[in-house]
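Look for chain A in each of the two complexes below; its partner is chain B in the first and chain C in the second.
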Partner chain A sequence: MSSVIIIAVIVMSGVGVVMSAMLAVGRKVFAVEVDERHEKLMEILPGANCGGCGYPGCSGYAAALVEGKAVPSACPPGGAEVSSAIGKIMGVEVSLQEPKVAIVACAGDPTLAPERAAYLGVSTCAAAHAVAGGFKACTHGCLGLGSCQSVCKFDAIVMTANKLAVVRADKCTGCGACLEACPRAIIRLVPKSQDLHVLCCNPDKAKDVKAVCQVGCTGCKLCTKQSPRFVVDGFLARVDWAVEGDIPRTVSFVCAPGAIFDARQNKILPWITEPSERRDFEKKVELWKEEEKARKAMAKAGAGGDGDQKPARQPKAQSAVENAGGQA
Partner chain B sequence: MDLLVIVLLAMLTENYVLAKFLGICPFLGVSKRMSTAFGMSAAVLFVMVVASLLTFAIQEFVLVRFGVEYLQTIAFILVIASTVQLTEMAIQKMSPVLYQALGIFLPLITTNCAVLGIAVLNVQRGYGLIEVIVNSIGASLGFGVALLLFAGLREKLELRNVPEAFQGPAIALVTAGILSLAFMGFAGLAPAS
Partner chain C sequence: MKALTFRGGVHPRYNKDRTAGVKTALLAPPNEVVIPMTQHIGAPAKPVVEAGAQVLVGQVVGEPVGFVSAFIHSSVSGKVKAVEPRPSMSGVPAMSVVIENDSQDSAAPMKGRGENWGKASKDELKELVRRGGLVGMGGAAFPTHVKLSPPPDKGIDTVILNGAECEPFLTSDHRLMLERPKAVVEGCRIAMAILGAAQGVIGIEANKLDAIGAMTEAVKGTSIRVQPLEIKYPQGAEKQLIDAILGREVPSGGLPMDARVVVQNVGTAAAIADAVIDGKPLYERVVTVTGSAIKEAKNLIVRVGTPVTHIVEACGGVSGELGKLICGGPMMGNAQHTDLVPVTKGTSGLLFLCPAEVDTRPADPCIRCGRCVRACPMRLMPTELAKLSAVGRTSESEAFGILDCIECGSCSYECPSRLPLVQEIRLGKSAIHAARRKQSKK
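Then we have the complex of A and B:
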């Protein structure tokens, strides 16, 4: 009886020893050389595998760094800290870049930019966009199906109750994953320090924009007169980050549809979601307009009437049209 | 027995996944994308052939010789696990791309019951060396056919409007069941014996 047990034990240990010997030899034969810097890099990288660096995950980025193909400052979620840590490991100088955040350049929820049809298809923005240009009347507006939210690894995108995507700047790392998920290219990367944004992507003429959205940029160029940082390409305003200098707080007041968002005066989430926030803002704008009117009237009275007897509003409108014509 | 019959038997009539219900874990786990399904099938093909040969040798030269056939299961599992480990090392060295693509599923073949199943079946049927090789190739091809068919169906399912209650694994299992029923039709191919 005991011999049966002994034989069984011997056979199994024999098989086990042979197999482990095979594995040991295999480990030597098939040893893969790993650069120790790769492991160190993996420790400091955020591990989000967001792809913001352009490589497949943090491991891919670390491999590219070790091979010298990637620059240390390419990790958006890591920011300056990780960049300098990478620089230390790799022994290179790091030039710092300003961190960027994503912003959804559309504020037209269905109450402001109506839908033209009911959409019952696959619930991704790309699919909805592919069907006759989407279910929204505005073909450049946020479809609100949350494709950007689903690719965000940092929970930085909020879908509002009114079907609009909003990026939370405090959580956004600027990896850019949402930019690729958006079939309409509404999401942009902007420098984190910037306060002013034009929340519209519709390049159409004023008449066409007004027909589909109440808060779309009409290309009136009033903002360009407030600050040289605003540029109008065709019929769509944008902010030119390269231009230096302060911007008057009134720049968002002059925008008739209210397409300019000013982070110095409002926060992005209530601005998009709370109608009361916009109403408060509009009251402010009314107040400012009256002040302006009064100031103009005062100036006119001070100048003693230079032959122009028309009310104050009309010459202002006229000059705006003239200027627009001159710059177009 | 005719070798062609063995291949057809292992591939269709006795399809390891759809008729014998072995290896369901990777069948459901790796069948979301066609490309990973293909990689997994290739890995299984390789592991199955190697494991069949090794277990055949173990059975012939160790278990039978020392009269300890009752240790078959534990010995086979040991051999298969080590073989998979070795395969993993070899693939990592020779083709890092394939290694990345297979990911976690390569180690998972260790616990793939289809691999153990074929090793045991080879012994039960008393196959010789050539027949063992042919049978394991046929079985792994059958595994591949089932996996690729299923992956193709699942890729199409992703774009369909599935009722909410059936979304995800539920519709996958229903699909697998129907596919299995369809494969029952191949039973007619089996020789009368």
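Then we have the complex of A and C:
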């Protein structure tokens, strides 16, 4: 009886030794060469698989880096930190790029930019946009169905109570996934350090813009007089990042419809922040208004008698400010 | 004769009684017409007049760009006020020629072939059709000369005229067959001559017995016959007509010409006769104005470019509140957000519905009852296709035949959960086409 057990043990051990020998040989003969840098890269990459680099996920990006096809600075969520870490692993010099964030260039929620039709169909922006150019009167405005929010892997896009997509600059990594999800192409990547933006994409003439939106850019060019960074193409203003220049804080209050958004004091739009934060913001708005008034008074005093037309415009500008600032 | 039909389809309430017996009336042209350059499938026409120019009725104001495009003519005489984008029935502004009517109605010289068109060559006839700016008048507005130019190896043997008019509410084709049966028959004969087809069939739904009678009378002595069809939607769809009348099936991904057939609307046939015999281009058409929210329902001959507001005035205005304005029939027409849009060559009807007739309840989940599958005249599975395209599984939806969907709306009509099936399927189709375009660019 015991001999049976002994034979079984010997046979099994023998088989085990032979098999492990085969495995040992096989490992050497059929070894797959893995670049150790790939594994190291996988450790430092954020692992969100957002696709912002243009490769299929972090693993794809790491593979492309190892093959020398990708540049170390292509990972938007990682930012400077990850870029320099990649540079260290790959042994290359990293040219640091200015980090970018997405911004929804539309401030016209349905209370400001009315809807022209009741839409009951498929609840994605692309579907709504495909039906007769969308249910919003402004064909360049945010539809507010949240397709950008649903593709954002970083919870950086919030929908306001009034159905408007707003990017939170503090959470956005600039991966650009929302840019492709937006059928109206109104989301843009802007340098993170910049905080003055024109929140309008409607290139139409002032009359047509006013007919569809209270906060649309009319192309009045008032902002260009405030700062050389503002450029008006046709009837739509934009900020030219390439131009150097100082931007006075008051520029967003010069804008008659209130299409210019100043993120300097707030990382996200005032109407979605905490009530206490909003109160602070409103105080600042009052302060800026005072500043602007003082500036105008000085300009008036300097210019002399031609100030007659200006006061007519001033109250209008201020009411627009209240609109933009006190939006709840 | 037994009424023929196809498998599937739905039975919506037809609501045609209000206008079926109303004789077609001429609508006085408005003071200003807005003529869009996109009234057809294919490339938009190029405006060839400038602001300030004097134009005559029937004068060319837009020239086709490429083969699949169409001539566009002025529908009034007067001065061109502007050439600019204006709101159109598609919902997005279209480049339009705005003409101020001088009420003279002075017509441009029209040169047709007269009654002896039989002596003209095929190319000459086709050119007359092309010059007339003819497009399919059933609603899709596909340029007619393209349909009449199949590759010679297709061996077209039959021309089918669609007089089914299966869309509820619409009666424009019905009135046309009653009032101008000879023009319809002549148009059919011309189409047969161009295509070299030996056989002509006019399919009419059995709810239009008077039209069947009038057409049977008119086709006497020709090689055209009249075929009654069962009352069912979408009986007038090309592939369903061919299936019902000839028992032939258009292959998946194919066109009617692959079944050796060309299908034309009866309205298009009458327009072909006008263009070839009288040289009269397509600048006016019969439009059914109906629905419970319009005071006087009418069949009107309307100039292309007439604003809907002008037609509303001529019909006594809107009674009560307007729930929905649809251009075309309720099944395949487009809902409009404004009545400031002009009538085009493809507008077969204007439907004014009161708020009670508009269902605004949101959609419920699919209960997998299969009613859409039974209703689908193309024998597809709409619920499956909609689900696949909603999650972007395009290769699977393509394998399930999504591209064969004719977007007739039978599935959405039948769905007890009010799911937007056709919209999902349409999005799925356009996603596939977009991917193909991307592929071919690479």
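Basically, the second predicted complex is superposed on the first by the 234 of 328 C-alpha atoms of A that agree within 3 Å, B and C clash if a C-alpha of one lies under 4 Å from a C-alpha of the other, contacts with A are read in each partner's own complex, and residues count from 1 in each chain.
Quick note on the criterion: a residue touches a chain if its C-beta (ideal position, glycine included) is under 8 Å from a C-beta of that chain, and two chains touch if they have at least 3 such contacts.
All values derive from a computational prediction rather than experimental measurement.
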Which of chain B and chain C A:M19 touches, first, second, both or neither: first
Greater chain A contact set [chain C / chain B]: B
Contacts of A:L287 with chain B and chain C, given as first, second, both or neither: neither
Partner chain in contact with A:V122 - chain B first, chain C second, else both or neither: both
Contacts of A:V32 with chain B and chain C, given as first, second, both or neither: first
Partner chain in contact with A:T139 - chain B first, chain C second, else both or neither: second
Partner chain in contact with A:A130 - chain B first, chain C second, else both or neither: second
Chain B and chain C footprints on chain A, overlapping residues: 122
Chain A - residues contacting chain B, complex: 7-8, 11-12, 14-16, 19-20, 22-23, 26-27, 29-32, 122
Chain C-touching residues of chain A, taken from the complex the two chains share: 116-118, 120-122, 126-127, 130-133, 135, 139
For the chain C and chain A complex, residues of the former touching the latter: 90-92, 334-335, 337-338, 360, 362-363, 390, 420, 423-424, 426-427, 430
Chain A-facing residues of chain B, complex: 58, 62-63, 66-68, 71, 74-75, 78-79, 82, 85-86, 89-90, 92-94, 96, 159, 161
